[in-house]
Every structure is written in C-alpha cells, then in structure tokens.
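The following block contains the structure, expressed as structure tokens.
Chain IDs A, B, C, D and E follow the sequence of writing; residue 1 opens each chain.
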Amino acid sequence: MSFLESYAYYVGAFGLILIGLLVILVKRNLIKIIIGLSILDTGVNLFLISVGYLASGTAPIFSREGIDSGSMVDPVPQALVLTAIVIGVAVLALALGLAVRLYQNYGTLDMRKIKELKW
Amino acid sequence: MVSPVLLIAVPLGLAFLVPLISLVSRRAAMLVPVVACLFNLVVAITLMPGVLDQPVVEKIGGFPPPFCINLYAGPVGVLFAALIALAGLGIAVYAMAYIRTGPVDRYHLLYLLLLVGATGVVLTGDVFNLFVFFEILCISSYALVAYMGNKSGLEASVKYLIQGAVGSGLLLMGIGLLYGQFGTLNMADIANRMGSVNQVSVFVPLALIISGLGVEAAIFPLNAWLPDAHSSAPSSISAILSGIAIEVGLYAMVRMIFTVFGATSILMFMVFLGALTLLLGELCAFAQSNVKRMLAYSSIGQIGLILFALAMATSYSVAGGLFQLLSHTLSKALLFLAAGYMIYRSGSMEISSLHGMGKRMPLTSLAFTIGAFSLVGLPPFVGFPSKFLIVRAALARQQSIFTILLGFVLLGTLIEGAYFFRVVQAIYFKKGSGETGRSYAPAVALVSMFIFAALIIFVGIYPQPVADAVGSAATELLDRAEYVRSVLQ
Amino acid sequence: MTVELLLGVALGGALLTYVLGKISPGLRNAFALLNALALVVMISLLYGQSFERALPLGFLGLELSVRMNMLSWFFAVTILGIGLLSVIYSLVYMRNKERLDYYYATLLFINASMLGTVVAGDLLSFFVFWEMMSWSTYLLISLRGGSKAIFAGIKYIVMSLIGSLTMLVAIVSLYVSFDTLSITELAGHVQSTTMGQALFVLVLFSVTFVIINALWPFHTWLPDAHAEAVSPFSAILSAVLVRKGLYGLYLLMYAMLGFSMLGKLAWGALSYSNVLAWIGAITIVFAAFRALMQNDSKRILAWSTVGQGGYMVLGVSVATNLGMAGGTFHILNHCIYIALLFFVAGAIEYRTGGIRDLDSLGGLIKRMPVAFVGGLVGICGLIGVPLTNGFVSKWLIYKSLVLEGRPFLAFAAFLGTWGTILYGYKFIHNIFLGQLPDRFRDVKGIPFTMAVPIVILTVLIFLFGVLPGIPLSVVDQVGTYLGFESLNVSIWGIPSETGTLNVVNLLAALAVAGFIVWLVLRAIGRSVSVDQDDTYAAGAAIPSGKYHYTVGFYSPLYRIVGPYVRDFVDAFFLKIAGWTGSVCGVTRKIYTGFVGNYVMYIILFLAALIFVQIAWSPW
Amino acid sequence: MHVVWLFLYPIVALVVGVLFLGLSRKVMARMHWRYGPPILQPVIDIIRLFSQRSASHGRLFDLGIVLSLAGSLIIVLFLPFGDVAPLSGSGGLLVILYMMLLGPLGIALSAGESANPNASIGISRKLMLAIGYELPLLLVLLAFMSRYNTISIVEVVRLQRATGWSIASFPLVVSGVAYLLILPAILAIRPFELVQAPQEISSGPMVEYGGSYLALAKVQHALSMFIGISLSVNLLFGGASHPLIFLLKMLVILMLGLFVNAAFPRLRIEQAIRYLWRWPSLIGLVGLVLAVVIGR
Amino acid sequence: MDRNQLVKWLKAPAKMGHKYSLHAVYFCTGCGIIEVPPSITARWDAERFGVLPTATPRQANLFLITGYVSVKTLRAIIRTYEQMPEPKYTVGFGSCPINGGMYWDSYNTIKHLDRYIPIDGWIAGCMPRPEAIFVAVTHLWTLIDKDMADGYKRYRKHYAAYRANQEKVLRGLDWPPLFPVEEQ
C-alpha cells in the first residue's frame, strides 16, 4: 500500500482544514470567512470519518455469518460526524443570519472596516 | 435518590416549553428559567452531601460505562451544577425586569439552553458529549450576545462566532485524534489507557483540545472575543458569560488536562500562562474608560488567577482555584448586574457617566461596591478566603519560582484594586452632571443583587462549608485513579 | 467585661448608627455619641486585665482569637478616646453636610476595625480587621469630594493595598511554616526558624507597617489623605490610624520575634533595627523640611504626623527600656496633640468658610480665643516645649539615643525638632497672629461641642506634661509586657544618674518666675490698650485688612533649601503610576479589532503550545 | 544656702547681664573712638522705660513677654555658676536646650499679636537664624554629650575638672572651634544682628515694645546674653570653682564677642544661614565624628 | 552735668530716667537731617548724653523734626507722635518747622508745626550745627526738671483743637482720635 493510498483521506482532511484556516485568516469579506469556516468544518468532518474508515470495509452490521468485526467500518465516527454536521449547520445559519444584520447596520461586510470594538 | 440526569433533562425540556408558554402568557414565560434554575439548585443541593462521600455515575441506556455515555456527578460536577443554577437563578430573576424589549421568549429559551449546555459540560463523562454540550453553550451565547441587535452587539457576536467556530473545530479535531488512538470516547476509559500509548502522539490532541477549549475559557492569546462580547451583550448575559461560560470552559480544560490526559508536564506552562493572562487582563482593564469593557478585562484577569491556582495542582491550590472561581462568579455577576442598571439609567457605559451614582442609585451602587471589594479580595467578602487559599498554596510549594510568580499575581491584584477603587470613587464622590433625582432599580433586580451580595458576605464571613466542598472537589480533580475506578468499576 | 462584647458593641453600633440615621438624624447623633462613650467606659473597665480567648467562629480551619493585655489596652484606649472626641466634634462640624449617616457609620466602623486589630489574638483576624480598616478609611477619605480628595483616596488605597498584600504573603508564609497563626504560639515557634525566613517575614511585614506608619520612602499617601479628609476624621487618621503601623511593629519585633531573634538579624552595622532607625531619622528631617514648605494648615499637620512617626520609630528601634518608653509615650502624646491641632484647624476651617491657606488667614486670636489656646498648646506639645507632654517623651528618646551612642540619630531628631519649631510657629502666627483680614471681622468663636474636645485635649497636654508619671506608669507596663525591664518612674519624671528630669520643679520655677515678672509688669508698668492695627510702619497708617504680610514667611530659607527638599519619592511613585498607565495603553493595543488577527492568535497559540511542549520537557 | 541661691542666682545673673550690656556699650564706644555712655546707662534706660506709659496690644502681648523673661530666668537656674547650680538636678543639657526656646517663643508670640509687618519679618528671621545656628550647635552639643556620655551639664563641668578644659582636649577642640564660630549667632550680635536690625526693619520684634515691655525685653536680652556666655564657659572652659572666676571667664568671652561685633557689618539672613550651614557645621560634624570614633 | 547728684536721683528716679535716657526718633524730612549723623557718631557722640537714635516711636521719648514739613509728611509726623509713649518731648530743628523758613510761601508746606503737634523746644537756624542739638538737650533737661516740658499734657488737654487743625489741613485722618473728642 502506498503512502497516498493509506493517508489520502488524512491528507485531504488536513488540506481542507488548512484551506479553511487560510481563508479565515486572509479574507476580509465576512461571507468568505464564513465559507472558510464551512470548509474548516468539512475538513474536520472528513478527518473524523477517515479515522473510522476502512478501505474495503463492510457496514458494521452482522448481516451474515463470518463477518469479522475487524473488517467493519467503525460506526461511531459516523455518528459523531452526523452530530458535528448538524452543529456546523447551526453555526453556519447563525453566522449568515448575523452577516445579514451586520450588513444592514454597517453597509459593508469588510471585517477590516467593522472595527468599532477594539482595545 | 434524585438523578443527576434531571439537572440536564428538566431545564432542556423547559427550554423548549418556553415558546409554547409564551403563547399563553408572556409573564409566565419569564418565570420558566427561574423555575428551572430553582429546580436545579434544589437537586444539586440534595445531591451534594451524597456525592461528597461517593460520586454518582449515571449510566445512560444501561450499558456499562466504556460503552455508554455516562454522567459523572462528583463533587466537582455537582458543585459546578449548583453554582450554575445559583448564578442562573439570580440572573434569571434580574432578567425578568431587565429584559423588556425584543423577542423575550427567545431570550429565555436561549438562556435556558446556555445553562443546559454549561450543566452538561460539567456533568458529562464523555468527550464527544462534552463537545456537544459545549456547542450548545456556545451557540446560545453567540445568539444572546447579539440579542439587542445593535451594531456593537452584532459585531461582537460575529467575531465571537468566528473565533468560537475555529476553536470548536480544533476541539473536534482533537477529539477525533483521541478517538483514533484509543477507540473510545469515555473519559475514564481514555484516562485508563493513557499510559499505554506513546506520550508524544497524545500530545497533539492535548494541544488541540487546550487551544479549542482555551478559546471559550479565555486564556491569554485566545480571549480577544471576550471584551467585545461581554461589553456588548445585555448586562444579564454579560453576567452569565462572565460568571459561568468562561468558568465552564476552564473547567473542561482542567478536566482534560488533569483527568483525561494526566499531563503534568504542561502544568508549569499553564501556571505561567495563568500569571500572564492575569497581568495582561488587569493591565488592559486599567486603561479602560468603558465600565463594562473594564469588567470584561477584569474577567480575563480573574480567569488567569484561577488558571494559575488550578495549574499548580496541589490540593490547596486547586481548592483555592475552585474557591476563586466561585467567588468570581458571585462577584462578577453582581458587578455586571449592578453596572447594568447604572448604565441603563445614565445611558452610557463610560465611567465618567457614572459620577454621582452613589446618590442617584444608592442600593445599586452599594451592590457594585460590594462586588468590587470582593473581587479585589478584601475581607470580609468572599474574595478574601479564596485569595488566602491561593497565596497559601503558592507559598506551600516552597519554590522560589512560585513565590516570584505570586509576586506578579499580587501585582495584578494591585492593579485590579486600583481600577476598581477608581470606579467606586467615581460612583460615590464625583459630582455627577445632570439629573440628581434618586431612583431605584426595579424590585426584582434589587432582590437578585441582594441575593448575590448576601452570599458574598455570608461566604466571606463563614467560608467553611464552601471550603469543605471545594476541598473534596479538588481531591476529585487531582485523583485520576479514583475517577477511573469509580466509573469503570 | 469581655473583649467580644466590646467588639460587638463597636461593630454593631456602627451598623445601627446607619439604620438609625434613616429614621432621624438626632437619634443617630445621640446614638453615635452614646456608642463611643460606652466603648470608652468599657475599655477603661478592662484596664489591667490580661487574657486570650478563642472566638466561636473559625475561618478556613483556623482558630480565631481575641486577647487583651497592656499593649492592646494602651492602643485601644487611644483609639476609643480619640474616637469619642471626634464624634463629639463632628456633631456641629458636620452639621448641614451631606451623607451624615454614611459618615457616622463609617467613622464608627473604622474605629471598630482599628479596635479589632489591636485586640486580635491571631494574625488572621489581625489581617481581616486591618483590611477592613483600610477600605473603610478609603471610603471616608474622599468624602469631601473634589479632585484632590479623590486623588488622595486612590493614593491611599493603592499604597495600603500594597501593604496588605505583602502582609498577606508574610502571614501565609508563617502559616505554611508553623501551621498556626496565634500570636502567642507563633512567638514560641519563630525562635526556631532560620534567619532567612525570619528576615523575609520581617521585611514583608515591615513594608506594611512602614506604609501605614508613613515612614520615609512610603510616606507619600499621608499628606494628601490627611489634608483632604474632613477634620474630625483627619484627627483620627493622624492620631491613631497611622499608629497602627507601630502597633504592628511592636507585635512583630518584640511580641513575636523577640530580642534574641532581632539581635541575630545583623551583618555588622547593617542590622534590622539600625535600618529602621535610619529610616526614622530620614523621615524626621525630611518631613520637618517638607512641612516647612507647606502653606496649607492641614497639610502642615499631615507632614508633622509623618515626622513624629519617625521619633516613635527611633525610640522603638533603640530597644532599651528608656527608648521604648519614649516611643510608646510619644504615641500617646502625638495622638493627643495632633488630634487637638486637627480639631483647631477644622474649627478655623468651619468658621472661615473652608479656608486652609495660611496666606489668607491671620489675626484670629481675638475672634477665636479657645481655638488659639488649643492651637498654641498643641503646637507647644508638638515642638516639645517643657511642661507639655511632648517634651517628656522626646526627652526620653533623645536621652536614650545619646546614651546608647547614637549621636547621629539624635542629631536628626533634634534637627527635626527645630524644623518643627519653625513650621509650628508659622501655623500659630499665620492663623492667629498678625493682621486680621477684613472679611474675618465678624468671625464667631467656636461652638460649644467643638470646644469641648479642644479643651479636654488641651488640659491633657498640660496634665501629662506636668505629671508625666501618670501616663508613664501605663507606658512602663507596656514595656514590661514586651519584655523590657521596668523603668524607675516617679510622678514628676525620671530620676537617673545620667541626667534626671523633674518636671514639677520646672513648673514651680517657671510659675514663680512668671508670677514675679507679671507682678513687676503690673505693679510698675502702666499701659494703655491700643488697637491691634495701631502699629508703627514709618508713620503710615496701615490700611487695616487690606493686605497681608505673612505670605512667604520663610522665603529666604525656601530659597536655600527649596531645591533640595522636593518630594522626589512622591514624584517617583507618580511617575511609576503614569508609566503603568502608558504600559496599559500599549498592552491593550494587541486587541486590534480585526478578527483575522484574533484567529491568527489562536493558531499561533497552538503552534507555541506544541513548540513549548517539545522544548520544555521532551518525552 | 541652696534656697538662698535659688532666689539670689537669677538676680545675680540679671545684674551681671545688665552690667554686661552697659559694659558692651561703653567698650563699643571706645572702639569707635567715642566717649560712650556711662556703664550704668542701661539701668537708667530701664528705669525710664518703666516709668513710661506703654501701649499694649492685647493679653498675649503681655503674657508673651512674661513667658519669655520667666523662661530665661529659670534657665539660669540650670546652668552651673561656679559651684552654684540650684536646679541642675531637675534636668540636664536637653532641658536647657529646650528652655532656651521659651525666650524667643514668648517674644515671638507677643510681637506676633501686634500685627506689625516689621515684627513678623523679625520673628521669621529669628527663627530662621535659630535653625541656622542650631544645626552646628546640635552637632557640637552631641559631641560633648557623647564624649562625656552624659546629658547633665554639671557632670560635664565635673569631668572637665579631671581632664582639663574641653577646648584644650583633643577631639573636643574641633567642636569647640565650631562653637566659637557660631557664638555670635547665638548671642545675636553682629554679623548676625539681623533679627533686630534697627536700621532696616525698625528693630524687628521689638518694634511695638515701649515702656515696661521694652524694659522687660531688654532684661531678657541681657539674660540671654548671660546664658549664652555662661553655657560656653561651662562647656568649653571648664566652668569654675568660684563664681568670681566664672565671671572673669565670662568677661573674656564677652570681650571676644565685642571685638567681632565691632569689626563686622551685618549679614543678610541668607548669607548667615549659608555661612552657618557651611563651615561651622562641617567642623562640628568632623568634631562629632572624632568624638564618636575616639570616644569609643 | 549734674549726673552725680545721687540724692536727687533717689528722690525722683523717673525724672532722672526721662532726662538721661532720651531715645530719639529723628524725623528726616529735609536738609536738617544732614546734621544728625555727625552728632551721633564719633565726632560729637550724642550717646554720652544718653541720646540714642531709635527706629520706632514706641521706644522713644524724644521727637526731633529736622527740616521743612510738607503736608504729606505731616500725616506721618502726627501718627508717629501719637504712637510715642508718654512722657514724650518734641523738638523742632531749624527754621522751617518754626515758620516755614525759606518755604514761607509754598502752597504745600506747613508753616507752623506747633499748630498740629505741641513742640517743647525749637532749635533756630538755617541750619543749626550739631552742637545746637546738645544745647537743646541740656535745655530740655532743665525744662524736664522744672516740669515745663509738658507738650504731651497740652496735647491731651487741647486735643480737640489739635485734631481739628490736623483734619483741616489734611482733609481727614484715616485713624481714630487718640483721645476722646467731646463736642465743643
């Protein structure tokens, strides 16, 4: 098994996380920052999934004889990810809602200009 | 025997009842958080004597612990639950009068959710469960910060949200890594297996989790959201954020370090971090002219002090840290509540607008003064015994590095004293401009402030019961083996 | 009669006064007076008793206790006595002022907490009462309002907070080492401690006590605080509160550490008591010259309080029975005359509409004779003119310094006295003598209740000055309690081979001589009374009340010493405070307001955490 | 005998003081190449003053001068005059030092009530001059006290009989020189006659004194002169075993003072303080250090 | 020089004192004052007569007005005279105080000083030599002996008239009357 094969998911996950962080760090537009958050979330979720993922693993159901528990895909991370997605969506929704209100108040979404609270 | 599940389940249920009740009567909806908190307080207090002897491990779904999500109601958990209920009760009473505009029913809903999240965090014995409750806490607080819908509230909320979301991403990643290594999410189980793996590989999740929780706990470089959020939120929310939310974050962090990871090598770093947080918080607070922002920075300083004490990891110091946490909750809540009505009357958050408040709002000013004195650590208020314990713990280490750090910590206290005394003087002795008529805060708000003030003085004079409770809580936090044993027995 | 009851009455009385004030001001005044009086009666019944008793209430597993002995009694009686007089004085002085309920309650509360510090039997309750005293004092200093008073308050509380924090560290370190805080038990344990720890504790404690006693490098809070507080409270501050620092030193140096330990703390000439003595000496001289430069009646008195503290410390640090008696007696004397002087300054302020500037007062002797006599006698006591109480205590201090072979310290003390003469006379002259400005033509004499404390204290100054044996016998018992050998005291003074003092002889001689001279003046000389303004000024009639010539009374001296006696310590502290402020201003700039920076902090923290962990202790 | 001296001694001091005044006027006149008044001229002045009808500015005006004179009268009792020292058992040098306050204090209070600007200036000068010469004087006295290890002046005199005059013994000679340098300031004669300074501030504190008040003030002045000289004789020149010898020694010192008085013009107050705080203080300090170091 | 007449002294010591202890205030108004310094210094030495300059009228009993008196200085002269303790003696020096002298027609000079304060003796001349002062002093002794130097008594007796004269020329005085002035 090559490196890429066994770590492809991890590389992807960390790639997404880093992209997300980069977007949050360098972008000024609130919407883009929120997109960055979303990418970060996705990366984390992908990471969680890949923790429990087994290439060519079976579903974690003893549906027939002879299925070894070692070859099953771990179901717990999937449950976790479901929860995490829900939470992520909630945050996203709240963030977008706030973004709309912020735009109404400030007339801009540039976070460099929204600096009334500082020091 | 009451079950600790009730502490979470009942408020959660009541939370979703709030919109329904408010259809019937808006006044009744206001009472829901009060009822929930009262209930929680009663439950926590009835649980208290029992858990001091033997922690209650509540197994959800009947599985034995490693396989189920369990609640662990030890002295720490119940103490925190009681504290959350108590602070929640006081602030809920206050909010009945204070929150008059906006979607009131949703305020109470979110407020209850926040409390549920906090209670869940302190009671749970499962790492992912902790994350979930943590998110409940965070999301409801994002929303509550923006409750007023004004410019600064929205801005603070967005910033809080972005940082919080990054933090929870890191936390979730840390949890994922933990799961990847141990294949379990149960804290006790992880703790049990901690010795069996390479310590370096454990360190990465530890760092991620500390950073993730540190955002909510507001330790030094991660706390940029706090002054914004605390100063822009409605005062009742500032009080609960300052009094509960960051403390809960700190609890989660300490629980992770002490119980789950047993990471003693990082403690020294945390001690320094605590002292640094304290000093920076106080320095920033000193330069503020906005009273709520000053209080917010002071919260950072207090968190630093608590972290300093907890990270020293002796039974005295942890007890002192927990005591300080309690005293900070009471004092800071009182300060925010008092400041809330003063700001409401004067229409400005500037300290200069509080001049002459001592005559205009005597009782509220008195409450503010008591809170300030307690926070500085003057006897006979509650801040004194906690500070006494911390100083004692630091000196009991008998190492010069701790004595020097203690010197810095006390320097922080001195700065804190300087700015609080300045505000107290402004309230009482500076001549206010404009109206001088005497006015009082609404009766319920005064009642809530009175509760806090009375507690501050009572515990300050007679700290023994609280000292006993925090003493056994400290034992629980420090004794990993006992924790593992009582969960996995 | 128990100490618990005493404390209870004191604390409860303070709270009850506030409550009664909401009902009726008259009731409140009567109750405050009654309470103060009751306390004085109770403390006088406790004379000579000695016991120690645990309080029913513990604190964090520590036993709290109260005790009564000669040392406590001595300080308690000064506190309660001055407290009573101050309340009497306040009745009229504070009339028509705002927030009287608050004023009386806080005043009584301060007295109660001061009482608590002196009867505390363990260091924890000592500390608790000490802190209560600190913050309640802070609450009263700024009562007058106005930027100066507020600045004074903040200056006081910050310095006092420094003191209490260092004391907390010292107390806790004792607790950690010996697991008890009872003073008597600690006294036994401390003997076995190492020199390093003893010094650590001693220095930390001393910082506190030096701050509250306002000795030289930490005196800066006092002039502001005393000058800006209302006069009856200034009297309390100056007369008794400041001297809690000395009580602490007594407790620490003699009751706890004892002589054997103190004797060990020395490296050649640099011993603890030597350093303390030199601090006292510097304080005396510095304060005397600073007081000389002042032009505000209460500020002069405040600086003199600083200076007199130096005398007491000199006496205490000499550590002979003579010096100790001098220091202790000086505490009592100082408390009497400085309270008197603050009352007088307050009376002037009251009648002239708040004027404290010495350049605009003058000639009030005919208008306010009682105040004049009080002020004159008080100043004489302050200077230490023979036949006033201050003379006897200063004599004891000088004598012990000379005989112990400390002539340089004695020199500082003497020089301070001469400074005192200069500013004391200025105080008298610029207020009471000289020309009466026109606007004070109709000034009335001081009201009865304000005159009562003034008269009582005036009489006391004379009484203790002529019959020093009365107070000295008490002082001697204090010394014996602290382990000094008893002093040979007689009612008229101190007999000894190296120089006797007999004050009664002095009085008799002065009285006879004075009588004869007076007779001569009356019998032979004929005199007519002329108006005060009928003076010779090169034949010109001085327009009365139009101008004032006491301005710059000592200006030639100012020109010489002025450049050297600036309060550079104060300037230094203020600079530090300003510097802290700018550091704060810079520090908070890290919260830039841009959310991207904040996220970067999080990531940097994560990186730093990993880096530190790897560099800190690699697994 | 003791009781007799108690009353006689002040009178002797008074007579001697007044005679010294007269003598000094006469001697000064001779030095000025004048004929000069009779030696008893001060007595005539005092008689004249008592017979005049004086103006009083108030009760303190009277009391102050009484206090001043009475104070000066009883200091005399503390100073050994030959073997006579009636009250020296009741207090030593410290008491004398403090009692020397009463004279100026009384005058200052009394003059202060008169509301005369010149009086105020004179008093302020007097006090400033006092702090000027007290600084070296204290150094000198402390050197004596630590050398002889006593604060009793009788003891000092007694010890000098055993060891010789202080001015002739080694460490104390330095202090003695310092003392002689400030003696004119203590006696308030030129160049330190700036308190009264008749040509400038109309005789300063005395400006409002007339008649009997001035008479008493003159007597007080004579007494303070006596005290200053007597103190120096006791401290520096070994006192005396007989009053007559004592008087002789005093006369010598007086003459020394008069020479200085006649030869020098008056200093300004700042010059006076600068002088007093510079050389005499420096020498006094050296003397004190020597006394402490060698005395041990 | 009858200084040694002890019997006389013992009889009236006060008179002796007044005679031989004449402490003088010199009122230096005009050119006459130039003669005073020689008289009190080594050349003539007034002190041997017991005459001593003083700085303040309170200490003095001899008032010497040396020179012309302008209206402005009259005010100071009256003030000074009234502040001298009794008994007190006044001597006018030179012709100006007597009758105005060379300023006889000046609008601003007092011609007859004795209309405003009582004068016990005059020294005539323009100007008199210092010896004249001593002549005046010895003459004054005689007058004192005979109780004829009674200017201060006259002043008291006729105070109302003096005060009226003073007020007339000075247009009001800014100090209260020395003696009670009854309505005449």
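In this text, contacts are C-beta pairs under 8 Å (C-beta built on N, C-alpha and C of every residue); 3 or more make two chains touch, one makes a residue touch a chain.
The structure presented is a predicted model; accordingly, all values stated were derived computationally and were not measured.
*Asks:* Can you name the chains that touch subunit A as well as subunit B?
*Replies:* Common neighbours, subunit A/subunit B: C.
*Asks:* Hey, what chains does subunit D share as contacts with subunit E?
*Replies:* Both subunit D and subunit E are touched by C, going by the contact rule given at the top.
*Asks:* Taking each chain's centre as the mean of its CA atoms, which one is farthest from the centre of subunit E?
*Replies:* So the chain farthest away from subunit E turns out to be A.
*Asks:* From the centre of subunit C, which other chain's Cα mean sits the farthest off?
*Replies:* A
*Asks:* Give the chain pair that accounts for the most C-beta pairs in contact.
*Replies:* Chains joined by the most C-beta contact pairs: C-D.
*Asks:* Where the centres are mean C-alpha positions, what is the separation of subunit C from subunit E, in Å?
*Replies:* Whole-Å distance between the two chain centres: 59.
*Asks:* How far is the middle of subunit B from the middle of subunit C, if each middle is the mean of its Cα atoms, in Å?
*Replies:* Once rounded, the distance between the two centres reads 43 Å.
*Asks:* Would you mind pulling out the distance in Å between where the CA atoms of subunit C average out and where those of subunit D do?
*Replies:* 36
*Asks:* Just the number, please: Cα centre separation of subunit A and subunit C in whole Å.
*Replies:* Once rounded, the distance between the two centres reads 68 Å.
*Asks:* Can you pull out the residues of subunit B that are in contact with at least two other chains?
*Replies:* 158-159, 162, 166, 227, 284, 287
*Asks:* Among the residues of subunit A, pick out those that touch two or more other chains and give their numbers.
*Replies:* Subunit A, residues with two or more chain partners: 21, 24, 33, 116-117, 119.
*Asks:* Could you pull out the residues of subunit D that touch at least 2 other chains?
*Replies:* Within subunit D, the residues that touch at least two other chains are 50, 53-55, 118, 202, 207-208, 211.
*Asks:* Okay, what are all the chain pairs that touch?
*Replies:* After working through each pair, the chains in contact turn out to be A-B, A-C, B-C, C-D, C-E, D-E.
*Asks:* Can you name the residues of subunit C that touch subunit B in the complex?
*Replies:* 57-61, 127-128, 131-132, 134-135, 138-139, 142-143, 145, 149-150, 153-154, 157-158, 161-162, 165, 168-169, 172-173, 175-176, 580-581, 583-585, 587-588, 590-591, 595, 597-599, 601-602, 604-606, 609-610, 612-613, 616-617, 619
*Asks:* Over in the complex, which subunit A residues touch subunit C? Could you list them?
*Replies:* Going by the criterion above, the answer is residues 21, 24-28, 33, 111-112, 115-119.
*Asks:* Give the list of subunit B residues in touch with subunit C in this complex.
*Replies:* For this pair, the touching residues of subunit B are 158-159, 162-163, 166-167, 170, 198-200, 203-204, 207-208, 210-211, 214-215, 221-222, 224-225, 227, 265-266, 268-269, 280, 283-284, 286-288, 297, 373, 376, 378-380, 384-385, 387-389, 391-392, 395-396, 398, 406, 410, 413-415, 417-418, 421-422, 425, 428-431, 461-464, 467.
*Asks:* Mind listing the subunit D positions that touch subunit C in their complex?
*Replies:* 10, 50, 53-58, 60, 62, 65-67, 69-71, 73-74, 77, 87, 89-95, 97-99, 101-102, 105, 108-109, 112-121, 123-125, 127-128, 130-131, 134-135, 138-139, 142-143, 145-146, 149-152, 155, 202, 207-208, 211-213, 215-216, 268-270, 273-274, 277, 288, 291-292, 296
*Asks:* Considering the complex alone, what residue numbers of subunit B touch subunit A?
*Replies:* 128, 132, 135, 139, 142-143, 146, 149-152, 154-159, 161-162, 165-166, 168-169, 172-173, 175-177, 179-180, 183, 185, 227-228, 231-232, 284, 287
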